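Each chain gets a letter, A, B, C and D, in the order it is written, and its residues are counted from 1.
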Amino acid sequence: MELFFFQLLNGLGLGVIYFLLSVGLTITFGLLNFVNFAHGAFYMVGAYVTFVIVSLTGNFWLALLIAPLVIGTLAIALEQSVVKFSYVLEHKYQILVTLGVALMLQELVIMIWGPIGKNVSPPSSLAGIIEIGDFIYPKYRAFVIAFSALIAIVVWWGLEKTKFGALVRAGSENAQMVGLLGVNITRLFSITFGLGGLLAGLAGVLAAPLRGADPFMGVEALGIAFIVVVIGGMGSFLGALVGGLVVGVMQSVMSSVWPEGASLMVYAAMAAVILSRPRGLFGRA
Amino acid sequence: MLELNSVNSFYGKSHILFDVNCTLKRGEVLAILGRNGAGKSTLLKSIMGLVDVRDGSIHFEGNELTNTTSHRIAHQGLCFVPENRDIFEILSVEENLYISHNPASNWSINDIYSLFPRLKERRKNGGGNLSGGEQQMLAIARALVNDPKMLILDEPTEGLAPVIVEEIEKIISNVRSTGIPILLVEQNISVCRKVADKFIVLEQGQVVLEGSNQDLSDQTEKIEHYLAV
Amino acid sequence: MSILTTNRLTKSYGEFKAVTDVNLDVQPNTLHAVIGPNGAGKTTLFHCLTGVQRLTSGRILFDNKEISKLGPEKRSSLGMSRSFQVTSLFLEMTVRENLQIAALGVSSIDGFRFWSSSASTVKKTAAAVDYALETTGFENRAETIAGDLSHGQQRMLEVGMALAQQPKLILLDEPTSGMGVDDIPMISDLVRRLTKDITVLLIEHNMGIVLEISDKITVMQLGQILVEGTPNQIKNDQRVREAYLGGETEDA
Amino acid sequence: MSLELKHCPILIAIALAAFLVLPSISLATEVLIFAIIALGCSILLGYAGLLSFGQAIFFGLGAYVASLSQIHLGVNFLVGLLIATAAGATVAALVGALAIRRQGIYFVMLTLAFTQLAFFVSYTLDEWTGGDNGLLDVPRNSVDIFGFEIAIDSSEKFYAFVAISFVLIFLGMIRITHSQFGRTLLAIKQNEERATALGYSVKWYKVLAFIFSGSITAYAGGMYALFLNFAPLSNVELIMSEHILIMAIIGGTGNVYGAVLGSLFLVVVGDMLSAFWERWLFLLGGILILTVFYMRGGLISGLYGVFEFLSQKFGSASTQKES
């Protein structure tokens, strides 16, 4: 029972990271009707930037502050230089372009840091465990859950309560009409793309102390993000949250029951959802 | 204020508008009449930068609008109310107004609520839950809070009950009295008679008739010939 | 003996009824037009007839067979072809190839022939393709790429593709939409000629054409049939006038 | 028939040239095998317009089935490859029939999910597939016809076999792409709605395209395993699907010879570059982007462009008269 609870909490921790990873993907899809195969790469580069900052300064908090900004800037730079020219193309060409971007980023990372993964240690203040009665849990994992929950609230607030968020939601319904109200749609696109990248980078920062940084974590993350987005429903904030938690918990609990089958299950779930309910749990028709 | 000089517009390969000219002065309402497919909506979209204008020019208050992006055109104060209203259905009524609101506008969101009490009642409702008439009011209201220097309405009375049509006629006159010119696409001649100062008739993308408000009554038969039977 | 009848055809989207209880009756070798102002439900009716959309209730009989539940591809095999309102061609293929693909669509097997060169399959369609080329006046442009045709010509080819299927009934969705003034007589002549061999159901905005060439006209408004009759009856019907121009036209 | 006669010498020339020009026979073998695989991808993408991340499923499946048939059934290598092809066709029909139920991005996602499923199934069934280690020591059982034994025990003999397969498969695919079926696929790709309205059951055309694509990919996958004597797990990875796609696109998907160019480019340039620059995939990502933006038809269209330019420049007298 205790193990189960432990796995459940782990799943929650995994789930909130998955949420951060996926929310940008789902919102860019909703707003731009654009599928970004390079999204996983933002997560990977986020982990590497964390590795660099932590090994240079020894300060994880600095990485938590700076790395997401770096990734957000990187995302905007990519959007401006490559991605935005593919908006007018068919979906399949957008996929190929971003696939090329992802491949380049991955190879670039290997060129700089080599193909072997790097370890990142959690901040010393979060080393060790918390004890609640008999139950013990790593401090860092607890922090990840709490911090990500906070970010989730901030993202929700930003989307629901600010003018920018309302514009993003309006734009995902009818971008042309938003332009007719005098809003510069291309700028709205790139800012949203950048913020999505920033959140994926943040997920990479949080994941780095848990699983290290390696060049192939981007591809893996992209697969996960797709599952989350498909299960939750493309374009939906709530979908990314619920989908992330469902996938995280499912993976974590399964891995103690049938380790090999954990990934099998989530991909089977993804296929089943697309076939039976293509709009996902919360996607708009 | 608005001046169209032999405008030729295209949808992809198809040439839709042929040498269309018209002008609109401060405080005027210009009605554009014509059958379905005559190019009325294309004319409005050409002004708003949504359609490819390959020849001719469009000026507003001396600034060239031809083939600029729509948001720049909107920034000049041209506020467009599209035919299918394009209310943001996932946003509430209030959010629909809020994202469009420009502090410089003569209409604050509260002014809108006193102008359209119905919208105030429904301000927390989703845009998708409004009736056709309410959507039309919201679409016009959304344009008004955006600080319009000119209003462009595409068939605002289409499919609406007579009571609501009357209300929309009132709003149009109201806006006109503040000096804001209005470009109005309308198939209902009786509405045009009440609100328009002048009109043009489009047929197959060309201006085939133009005249004053008086002509709308005097030349009814001629106009009807172009519009329907 | 009608070729196409609908019995209380109804299509609703949620609570909104786009088409209500429409009874249509199309006689063979006639040109039957459906007109009506925006939002009258013409396009929805058309989609129901072609099978693009499922009816909510009611029945459609074509050539004495119930077809209400058949998909679009089945209907075309039964002898019911359509044109599209927005030009819908195979733009990278030649005029002839477009017609060949259309002609082969009605047989369920020929398109699957992967074991022999297309030349042998294409022979079978020669008669149908020639008929379509001739009727639409494309004999000299058969090898032109469809994407290079002018808009008016593309609209003609649009009708030609339906013809190449040698249908019993042809459904035309606004064949003149977006056409220049000069090209319109070309289409209306063509449509008029067609009724010699087949039946035409025409959905059209352009009243002038409809009044000129139709045998029978159905006027729709708000999803229902408003009036039905010959062009002369329609021309003089006060209700039609009101439907198009709004109220208060009694002084006309 | 004339069609095949026309292409036959070109294909034989390609197979011979690969053997004579390329620095090693194993490189030549690999080029021809991957040309078949890229062709399998082109059938889907270039003719049916389907961007699928599922090619690794058929590739890996072919490799496993061919290998297992050699190890456990002891059948000769030809029968083994035929079983692999049949398995590829069956699974492709299944994957295709499910995937085409969704369109656009959801179709792509489905094929991606199926590849991942295939990967984890292969990983889990390690008793059969060798899991992470792959299937090792795959033999090539010789064919025994009336006591007359044909063994492909040298790399030259294996190359000859691959070359014959290459020529036959390409001839078959040329026939298919020039058949009414091929033209119908192109029509569906250009305008699916119209094709449906004309009476075509679009989904069956797509499924058939999947079957052709899956069976030749599985055949090639089988050959690849016999070539390496090894069927690694990486055959069914998503990255394999990506590489196959990139190969097909860079070569050009609208023409069967694009597949040869794509394979040549990826295998040979990859072999040359990786010797002194291991991260040459970086370049590949860039080339993919440039291809999508500037040369949608791939290298083959570039090549045609060069030919056209040359013939206009040097053969101008004859061509100008015609126009």
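FYI, contacts are C-beta pairs under 8 Å (C-beta built on N, C-alpha and C of every residue); 3 or more make two chains touch, one makes a residue touch a chain.
Chains and their UniProt names: A = Amino acid/amide ABC transporter membrane protein 1, HAAT family; B = Amino acid/amide ABC transporter ATP-binding protein 2, HAAT family; C = Amino acid/amide ABC transporter ATP-binding protein 1, HAAT family; D = Amino acid/amide ABC transporter membrane protein 2, HAAT family.
Note that the coordinates shown come from a computational prediction; the quantities given were computed from them, not determined experimentally.
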Fewest touching-chain hops separating chain A from chain C: 2
Farthest chain (mean CA position) relative to chain A: C
Pair joined by more contacting C-beta pairs (C-D or B-C): C-D
Distance between chain centroids, defined by C-alpha means - chain B, chain D (Å): 56
Intercentroid distance (Cα basis), chain D paired with chain C, Å: 43
Computed distance of Cα centres, chain D from chain A, in Å: 34
Of all residues in chain A, the ones touching two or more other chains: none
Contact graph of the chains (line, ring, star, complete, other): ring
Those chain pairs that satisfy the touch definition: A-B, A-D, B-C, C-D
Contact set on chain A toward chain D in their complex: 35, 82, 85-86, 89, 91-93, 95-97, 99-104, 106-108, 110-111, 219, 223, 226-227, 230, 234, 260-261, 263-264, 267-268, 270-271, 274-275, 278
Residue ranges of chain B in contact with chain C within the complex: 11, 13-16, 35-37, 155, 157-159, 162, 187-191, 204, 206, 220-221, 224, 227-229
Interface residues, chain B side, partner chain A - complex: 48, 50, 69-71, 74-75, 80, 82, 86, 88-91, 95-96, 98-100, 102, 142, 146
In the complex with chain A, residue positions of chain D that touch it: 45, 51, 98, 101-102, 104-106, 108-110, 112-114, 116-117, 120-121, 123-124, 238-239, 242, 245-246, 249, 279, 281-282, 284-289, 292-293, 296
Touching residues (chain side chain D, partner chain C) in the complex: 3, 175-176, 178-184, 186-187, 190-191, 193-202, 204-205, 208, 212
